[in-house]
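Order as written gives the chain letters A, B, C and D; numbering starts at 1 within each chain.
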């Protein structure tokens, strides 16, 4: 399941639900992304996530489908927020449930790597020193590349 | 932080707390282990986890310390239950918080692999067909071995 | 043709969306970029360094060689930074 | 010497814990296993296949060559299955 939303989410309730997805779920792995305050000499005041409505949902549904094809998952959840967030706010939740832990761990890492490089979100940070657009990181591209290497 | 307890835990509240551990936490990864019902022709009725009080706490504290030494973690939590559990009950929660996701993912996988091979817990299953002690799996030993390989 | 801009591309161009009818020979993302660059200072500035621009055609990531037609939705934006 | 048994080792021996004073020449886990094996049927059965037994000395995993003394806490159990 995917959701692109302004509202916060309840990670515990979602993990609980995915753990009950199927009597054979033994492992639930979650990733929660949190807004970092960053460098103490130039703290973050707020961050605004812009996205491309329509394409975002399409992209998340596509990476969910890819993960389900690669691993035997009993359930998958991707929640990504947009709008203005403060330090310590949650940005993203990815949860995968599977019979065994290896599939759940790999699927969540795969989903995060694809999310970072494919999902049409952009971050504008309001820092003490001014406003900046966050640049894409080259290590995110290499993290994603590992899934297509072999 | 570690806890060996009979009681259930609230994964969401724990993840929430670790996400706030430090203004620079950007990634919180959790693993929740759930009791599986298993084969439909011989379903699990209940599972009893026996442990070695004292050694369990010592062992979990030791693997937490090892993880903190290997990765820059802002916080770590290991909760392991004992006693009698039913299918779909939670058994274990491992959470790691870090600035970036790679450290958090690796630490939780490391902690789970060490927990499986080192922590003194034993599982007795009451199945439809009778009562059995769960045997240790050789793939758990190989999963652990990857952390000492290089 | 529906054209969308996001993040600093949108900020430089001064709008998030517009309906345009480029000449018939604009049949690729690259040709559209060239045509847009001539539309004014904001556009010229937004597309000055094309290595910093990504495109989507009908909500799928696309490279600049991708073919486009009058009924397509084309979007321009910086490399994404979600997650 | 405090000796603990867990899981099916405990079930076969019929108790989880006992205080014993083995002879002075019992100075390793292996020697203790041999001495215990002679203590009765339950013990003999529990230790019949030593590849299935693990030990801890003072709450640390230990191999059968580990040295032990009268004030140590020794535990015997099957390979662990936590997590």
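Please note the rule applied: a contact is a pair of C-beta atoms (placed from the backbone, for glycine too) under 8 Å apart; a residue touches a chain by one contact, two chains touch by 3 or more.
Predicted model only: the values in this text are computed from it and were never measured.
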{"item": "Most remote chain, CA-based centroid, reference being subunit A", "value": "D"}
{"item": "Distance between the centres, which are taken as Cα means, of subunit D and subunit C, whole angstrom", "value": "73"}
{"item": "Separation of mean Cα positions, subunit C and subunit B [Å, integer]", "value": "48"}
{"item": "Averaged-CA centre spacing for the pair subunit B and subunit A, given as whole angstrom", "value": "23"}
{"item": "Interchain centroid distance [CA atoms averaged], subunit B/subunit D, Å", "value": "26"}
{"item": "Numbers and ranges of subunit B residues touching at least 2 other chains", "value": "33, 112"}
{"item": "Those chain pairs that satisfy the touch definition", "value": "A-B, A-C, B-D"}
{"item": "Subunit C to subunit A touching residues, read off their complex", "value": "4, 6-8, 56, 59-61, 75, 77-83"}
{"item": "Residues of subunit A touching subunit C in the complex", "value": "33, 49-52, 54-55, 58-59, 80, 91-92, 112, 115-124, 133-137, 140"}
{"item": "Touch list for subunit A against partner subunit B, complex", "value": "10-13, 15-16, 19-20, 23-38, 87-88, 90, 99, 101-102, 104-105, 108-109, 112, 143"}
